[in-house]
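Okay, handing you the structure first.
Chains here go by letter, A, B, C, D, E and F, matching the order in which they are written, and residues are numbered from 1 within each.
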């Protein structure tokens, strides 16, 4: 109970000062790495995440290559200093699961059949973690794929919604994730209109479920505008590349 | 001393009510798995063990294939819930050694030269462990190999004997294994008349050694009848397959 | 302070009775192993180290082979019983680093271009460790390479110098390594005149640095004579091979 | 690999049947395969179950033992769910460290039980911050024929329901087993996992292995006894529309109700 | 592999330029690439820095937390430096256990800080033999363009200098964080690592990736504020003459002085 | 691989000789290769031995240090035997995790010493359930030329016999080394391992590497000083007749007696 009152004031103001439908500050920089074929850096609230993309390129080991299609690999990794208690650098089961979920969220946006026998590698490094790091990672990864010049059907834009102090809120932060009632990360292909990532931890009524999903998708659409702007800025406004 | 009296009454009745020359209850079911090429489930006392066989099939990784002969691989594995204290699912050194010993006990019964460049995989899962689990595993594995239709010179039938309360007993159970004086698992090819598995832990005089070996072989012969019956029931009595 | 006075007397006599410019006792035996293509056993103070060499031979796994040159692999490993506290047999990060440093110290002496697609394997086992085990390991490995009949530009001879009780000393022993002020292992190709291994832990002025380096090189030259003598004894005096 | 053409032919057939509202094995779209649950199959474990969901078969064992609590969670017992596909269950599974697919399987099963708060972990504390009871729920897939998520989840729930929790006393600050006294686990709600696949525009419940090969996307939704949605995981290489996601939540609830009745019979 | 000929042509060019006292990127032989240091980039860490050395870029975070001392070192806090080349930093790096090259990198960075006695570890003891403060300095290379040794070392030193050490009190023999009170780390000296490469008869400072490909040998020398030489590591598949080694020590000191000034501004 | 034909020719020769009661190296069928034992070769260890059995050579070191007892075995000290084939011992051994063959080797050597109850582990308890002495017996094969089982076993037994056990006092519930006081290990019996191979119908003692390549089956039998059989392991890809197994037990005893005399000289 005491936790609930801390997470939201009576006026619906959240512990970090946001309204229930308000995103945290987001900034995206495109092309931040020299060696990667494409890259992006996102700050999403206190999340600080780098994404780098290589490919399409030859597959090693070779027996993993597929004659009929390109393959997508994804690695989500947290730096030892990214969380409160120092994290062991070896990948945890949580990181391996998120890597898979991110891969499956990005895959629908790619046209892998056009690049048989190759691999596209997406590497995500969480330098500082806050609530919603998998959504922020996905937002950066999608932009990095575009920056790598890989043909895409659409971007992928991600944002969580959740339930805090009995209300549905957009973009769950770290405190809300840990002590709130539900967290629902969602990713969409904004133009195709498909949900490509969705998870839920926590308890929702069926009505809350629908509201939460719509709230998250609204957030994804706002994120999409920020992703687009970051790409436009790099490719069409600064004039270089 | 107090343990000895517990393990056997003055009338030669063992802690589970058996006579010295009596096997525990054994039941074998053939063809219990759908995906495996051959399979068997054995209950041998409180042992509950599944065996599944695949092959002869292509070897992966390919460099392990042998141009001149098929190869046999065997994995003995215990479920985490199979023993009193929860077992770590990663294979222990004990499981690796038993896997090797089982492989070498089964190999003489197979005609691997007829299947060059292939592998036969035998997977054994101990769902519940009691004394003598390696013998029970072998009994199930031999039946599973037969169920897979793999040409065999003979079955392999296994049973332990041991020394408990200064007497040679057939088919050592868990308490007798832990607190008794000797445990000797033995496997034979019943028609060929060869001993293909034999181990001993514990102290025996040379006379006891001979008696113990003969006692174990007697048990193996009884097990063989049960194995045969299980196969006959599946293939000749129920009429299906 | 108390440690300093323990490590050296006022007369400049070290804790093991040596003068500052004196090597520990060194003995080298060539060709001590039957299976290895070349081998050597060194006792260097209390260090007892075996080196075995195989090759040039085919590379496994094959994809590691280089079309243009032979490759050199080196493994420095300590026996569990080689140190005061029993060592875990799995290679530590320290052993992996030393393996790399030894490889790079030996490589300039070899003519790997002459053996494309092959590997030369150098295996070093520290049976008993004292200060300076990497130098002693290198001394043995170089002799083992020569014993394997592998064409070499030069031998490699190694010896440390260091700073103990404010003086530059030759050939740091275990106590001096742990409680002294600096340890500088050095290896040279004695005829070519190149330094092929050099490390330093500890604090030296620039003058001390030069003195220390020269002192170590002097030690290397003495070691070289011992290496030469060991090889000559095996190949030219005993008359056999 | 040689079966790529067969896979394609089967996929075409499956899609053709779906257009007629039918499935390859004759089920309707929202129909699960027959489920049988047998408990107590591993008497040495504290709880166990062997379930068959069509041809998929899973054995789950529950082990209860004293343990130290996780740091900062000193007021809760420990709950750990694992899942493993035994190499005898599937010709394409190899022994070795778990693949990412198996890790996802185990974590989704775990979250289904954890997020519904099926077990009241606060009741498993022996000494706060020092000593708690741990419940280990280990699932082994012994025949793999599609929808391992629900199969492992059902086996895990059934094994928990069949469990007995030993009693521990504290002596000299250490937990000691009290022989002969056990209790039922503190179960608060019954989680039911329902996995659905999207093939083209169709949503089907409880995909078989053949259906999984040609599905576009997958979703697993776990509901509790109160009819709430408590855990969800989207998988697969394509996505869902919002309408499909809402339809899936409704199917998860309606199908879940039937399964929950089976669980209630075990209590 | 296909680039072997390109590598050879570039090596020829590099050597040709060196004969004229020039380098491919226009630097003089004893000139480092531009170094920029930004601290406080990871606010959740106790200290952090992001440095660029030419196109090489490293982020280092410092975590400070109570720990048990190593056996026989009960009068010292714990210091652990690691280094990792992230797979996004380099097309040829693969995820997985560290290679011998990365292990050497981490150990050389660690020794540079340890052997200079940069941090007074005796001041990090809470209860002798029982409880100490641990300082974990983890470096991640995010763009790999040569001379990772110096880049990771500079990032590590800068991150330590930017750190704040929380205060711990002992309650019931266990360390408890005292909120709101922090101190600077007990820094005694400023280690500066300078890495040089030998190409033919030339010694160059701070080799770029292209120069590393064609270098004969490598040396990393770390000096302290008093102008002493404190740690050294030779690498690479060939050797150095004694004269070259003495020249390298002089270069390490002169180049190091400039870098140390940058560190002093962070204090 | 290229040597397959050579192996076959050698096998034919070995079998042909056996029919005449001879072996390739001139031994009789029940004759071991010459055994030399040297102890104290690793002075820093608590005990050590280097043995040669023909061309097979093994070094074993014993380390004695305080440890915690295994759960439920609080009235016994710890005994751990390991064995390793060093990569310098054999051109076909590669560095890395132990193969199943090496694991079997270590476990058979361990059981030979454990099951004969060579060392009275009850005498190694410092505080029951809390603190005991651990004896670690680590064998390294440095030249591999057949019958590693007996070679490692002999080296292990000899190393134990040459050991000195340090004295530990309990201070503040923790064991503290008492300098200068040591004792012999509490040895109750002398285990002797004898390994035999079956080639065709012939049983030979102490197979060489060449004989191992063509053997049908292998058996290792360990006997104690009282003439009992205490541990046995059958290996290899074929079996034994009952008569052969009885013959093997007799050979193990008769050959073992000679080896045991060598051990007695070490006591």
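Quick notes on this structure:
Please note the rule applied: contacts are C-beta pairs under 8 Å (C-beta built on N, C-alpha and C of every residue); 3 or more make two chains touch, one makes a residue touch a chain.
Treat the numbers as computed from the prediction; the structure is a model and nothing was measured.
Common neighbours of subunit A and subunit F under the contact definition above are absent.
Listed by label, the chains touching subunit D and subunit F alike are B.
Averaged C-alpha coordinates put the centre of subunit B at 32 Å from the centre of subunit D. One finds 48 Å separating the Cα centroids of subunit D and subunit E. Centre-to-centre separation between subunit C and subunit E, using Cα means, comes to 27 Å. Around the ring, the chains sit in the order C, F, B, D, A, E, counting from subunit C and moving first to subunit F. Of all the residues in subunit B, the ones that touch subunit F in their complex are 68, 93-94, 96-97, 99-101, 104, 107-108, 184, 188-189, 192-206, 209-210, 213-214, 217. On the side of subunit F, the complex with subunit B involves touching residues 4, 100-101, 103-104, 106-107, 111, 115-117, 219, 224, 227-242, 245-246, 249-250, 253. Per the touch definition, subunit D reaches subunit B in the complex via residues 41-45, 48, 55, 57, 59-63, 65, 82, 84, 86-91, 94-95, 136, 138, 140, 142-145. Residues of subunit A touching subunit E in their complex: 33-36, 39, 46, 48, 50-52, 54, 57, 60, 75, 77, 79-86, 89, 91, 121, 123-125, 127-129.
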